[in-house]
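First chain A sits with chain B, and in the next complex the same chain sits with chain C.
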Partner chain A sequence: MINKNIVIVGGGPAGLEAARTLRNAGLTPILLEGSDRLGGHLLEWDSLFPSNQKASEVLESLTADLEGIKWFTNSKVEEISRIKDIYLVRTSSGYTFQANAVLLTTGFSLFNATLKQELGYGIYDRVITNADMERYFATGEHPCIHEPKTIGFVHCVGSRDEKICNRACSKVCCATAIKQACHIKEKFPLAQVYCFYMDLRMFGRGWEDMYYNAQTKYGIRFVRGRVCEVSEGMDATLNIKAEDTLLGKPIRMKMDLLVLMSGIRPRKDTEDIASNLHIELGTDGFYSPRDPFIRTNESSNEGIFLAGTCTGPATLPETFSSARSAAARIIEYLESK
Partner chain B sequence: MIITDFGYCLAPSNAVKVDKTTDWRFEKLCALESDVLKCIGCGSCTAVCSAGHFSQMNLRQCILSLSRGQWEKSVRSLSRCMLCGKCLMVCPRGINTRHLILSICRIYCPGEGGSNA
Partner chain C sequence: MKFSGIQKIWSEWEKEIPDDHWFYVRSCIRQNFFPASERRYLDIVRGNLGRDIFEHPEHTTCGGIAYHNECIPQLTQMTIVGRQFSIMTESGYSNYVCSCVTSFGLYCEALNTWKEHPEIEAMVREKLWESCHREFEIPKSLVHASDLIYHLRHEIGAKAVHKLTNANTGEPLRVVDHVGCHYAKMFPTKGVGGAEYPHVLSGMVEAWGGESIDYPERRHCCGYGFRQYHIKENRGYCVSNTHKKLESMEPYHPDFIITNCPGCAYFLDRWQYVIAHQTRHTYGGPGQGIPVLTFEEAAGLVLGYDPWDLGLQMHQVAVEPLLDKMGVPYDPAKKYLGTNGKAIPRPELPSIIRCC
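This part shows the complex of A and B:
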């Protein structure tokens, strides 16, 4: 089995963890990353809920020891073809790799918030996204954040919304919003911070405690209602419209900063890869596993495996578990060949 | 029947008696307009409503009240609707709200112009 080749497509958390696991089992996986750095979305995030650990620390421990892993950056996969039991993976860097098994860890893309025009992202300067907020936390700089007095977080932007063809819940934005709300409150203790939610989905371990602390320790105010219109006043403050559905009345507010929680969407190339590899997609646009309970890491095509958020929204611990279980499943598969 | 004055009286219950709310009108509405079952109660429709800013018009609450058999007050408030359709544009579940409002009027207030609407 030691001569068998495994190609992992995507050098984010799932790809890195799967590569490490396979390497520790004595194999030499090939890890292909399309961009110029390993790390995926972890590179863009400052801290992680619920412990507020720095994303860079997690990334460091993931990339600390890559010996035994053949990794390539700037290597976007252009085509995967199959000859009998061997897959040929051709990359943009001009190489072709032979593989007995291919693991897709292509991840997700964040929803492009400019598509929800009524929320004003890309139109009004003080409307930013969760990704912009993380960048601000990491660098301490944003041209439009100067001592904001009122800050609003809008949950479910680009998720649970049929108008942009995504009915699915993005799963992690509720917790991210509360993490960011507490964090910004620490930076600006005098600011009043509001979270506009449809349903708060705090299902993870320790998440309910985050919510509790947000209420009691940080005094974050939660409004059950969806912000559906944003406009800008003469003084560049934002006017927002929502219904406080628990009160049963429309509410109007002024905001100095509005943060849109962009949801998790399939990557644009998901469909191309799926048709190239003859693997099935779910109605949500993510890759479908062969079976939702037992064979969660197998695609509908033999020899092609799946891990991480390319199969739908997931938290980071879930992504790591999925990567390790994919590695175990690949080893089983190669041994059976 | 002799009613003895005990010096106190019982206030009528404020509770919604869910057991007694099976309502043929709501079943008819669901059959005609299955969109009504899609509502997740986010309140977007009410937030943008031009009429709701000045009146009791609240489509989200109306849908919820109808499903609980409490329709009298809420259906009346729909008469404020100007059918501008802003709610239709913001609904995250893609409910055809304008059509729904007309169907509610047809079923709940026939003879008040609703039947001709």
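This part shows the complex of A and C:
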């Protein structure tokens, strides 16, 4: 089995963890990353809930020891073809790799918040996204964040929204919003911070504590209702219209900063890859596993495996678990050949 | 506001507007509130811009007011739409342009319903045939009258006699727009620039030398809202919405408001008088309101039409300060003369807000 080739498509957390696991099992996986750096979305995030551990620390531990892994950046996969039991993976860097198994860890895209035009992202300076906020936490710099007095977090932007054809929950935005709300409150203790939510889905271990602390320790105010319109006043403050469904009333507020919690969506190339490899997509646009209970890492096409958020929204621990189980399943598959 | 962001949206929400040969249908209420707007619209499109636009004396209401007040069911309303289309078809036209924003929304709604449910279209055709032996073709193009002026705005700008500028200083006039709710809020792809940041009116303002001003309640309803006004008990709600809009635009000191919806022009204009009575507050400075122009009136002023031929004497809020600012000549003595040169009845003028 030592001579078998495994190509992993995507050098984010799932790809890195799967590569490490396969390497530790004595294999030499080939890891292909389309961008110029390994790490995926971890590169864009400052800290991780619920422990607030730095994303860079997690990434460092993932990339500290890549010996035995052949990894290539700037290597976007352009085509995957199959000859008998061998897959040929052609990349934008001009190489073609032979593989006995291919693991897709292509991840997700953050929802493009400009599509929710009514929320004003890309139009008003003080409307930012969760990714912008993480960048601010990492660098301490944002041209529009100067001692904000009122800050709003809008949950479910691009998630659970029929208007943009996505009924699905993104799973991690509630916890991310609360983490960011507490963090910004620490930076600006005098600021009043609001979270506009539909439901708070705090299902993970330690998440409910985060929510409790957000209310009791940080004084974050939770408003059950969606923001429906954002406009800009003369002094560049934001005027928002929302609904408080517990009060049963429409509300208007002024905000110095509004943070949109962009949800998790399939990458643009998911459909092309699925079509190329003849693997099935779910109604949410993510890859479908062969079955949802036992063979969660197998695609509908033999030899093509799946891990991480390319199969739908997942937390980071779930992503790592998925990557390790995919590696184990690939080993079983190759041994059976 | 980031102009680049807005431009990106506008580039993604373009609308195809044919250049010529139009079948025109009027609005029920605009003919009563601001009767010259539609007449001058036809004059501008035909006379100034040399386009073929046709209206037929047998066209009727679209049924919108009755439909939105739940007096008639949707099938009846759609059969009226079918009849309108049949007159267009019989007249040899396929590009349909309507004066009323509510009608525009309803035509979009009918066409979309028929597209999604062909069986409903078949039923409408059957009912139309049963009731008046008419048949129709679906219009190749459906636009609102303001879309057509938007499409031709640069031609109008090139022929401008008066720009939307201060004649003394050369500074652009500060213009706030109000786009009717039914223009694009129901079908965003049908509006120039989409529903959230429509370009249909601001595009005209910029093409004619004015400055379009963004204000917080730009997207808010004018207050009409059909049942807010037509049910008498709800009229306070109607005024309160207009009040919100006026309060929101006041700090920007606009020179005038431009609208593309019959009801909006009416309520933004008339309620300024009511609010002045209720609150002793006027929005254009002491004793002055903010003039409200329909897009046809604005185009007419730019093209050099006489303000009284445009029907500006029918406005509640005095337009004279705006005319003076633009350097538009007018004869106060002719303000209340009819088209036959004879005096028409003068309205009673309130003291609380200037009306002339």
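Criterion: the second predicted complex is superposed on the first by the 337 of 337 C-alpha atoms of A that agree within 3 Å, B and C clash if a C-alpha of one lies under 4 Å from a C-alpha of the other, contacts with A are read in each partner's own complex, and residues count from 1 in each chain.
Heads up, the rule we're going with is that a residue touches a chain if its C-beta (ideal position, glycine included) is under 8 Å from a C-beta of that chain, and two chains touch if they have at least 3 such contacts.
Since we're looking at a predicted model, the values are computed, not measured.
S.K.: Tell me which partner A:Ile123 touches in the superposition: chain B (first), chain C (second), both or neither.
M.R.: Touch partner of A:Ile123: chain C, not chain B.
S.K.: Once chain A of both complexes is superposed, is A:Ile86 in touch with chain B (first), chain C (second), both, or neither?
M.R.: A:Ile86: touches no partner chain.
S.K.: Please work out whether A:Glu229 is in contact with chain B alone, chain C alone, both, or neither, and reply first, second, both or neither.
M.R.: Touch partners of A:Glu229: chain B and chain C.
S.K.: Taking the superposition on A as described, I'd like to know which of chain B and chain C A:Asn239 touches: first, second, both or neither.
M.R.: So A:Asn239 only meets chain C here.
S.K.: Contacts for A:Ala25 in the overlay, against chain B (first) and chain C (second): which applies, first, second, both or neither?
M.R.: It touches nothing on chain B or chain C.
S.K.: For chain A, which residues lie in the overlap of the chain B contacts and the chain C contacts?
M.R.: Looking at chain A, the two contact sets intersect at 118, 229.
S.K.: Under the touch definition given earlier, write down the residues of chain A that touch chain C in their complex.
M.R.: 114, 117-118, 122-125, 229, 231-234, 239
S.K.: Quick one: which bits of chain C touch chain A in the complex? Just the residue numbers, please.
M.R.: Contacts found on chain C: 1-2, 5-6, 8-9, 194-197, 214-219, 251-252.
S.K.: Per the contact definition, I'd like the list of chain A residues that touch chain B in the complex.
M.R.: 118, 156, 160-163, 198-199, 224-229, 241-245, 248-251
S.K.: Once bound in the complex, which stretches of chain B touch chain A?
M.R.: 40-49, 52-53, 58, 60-61, 89-94
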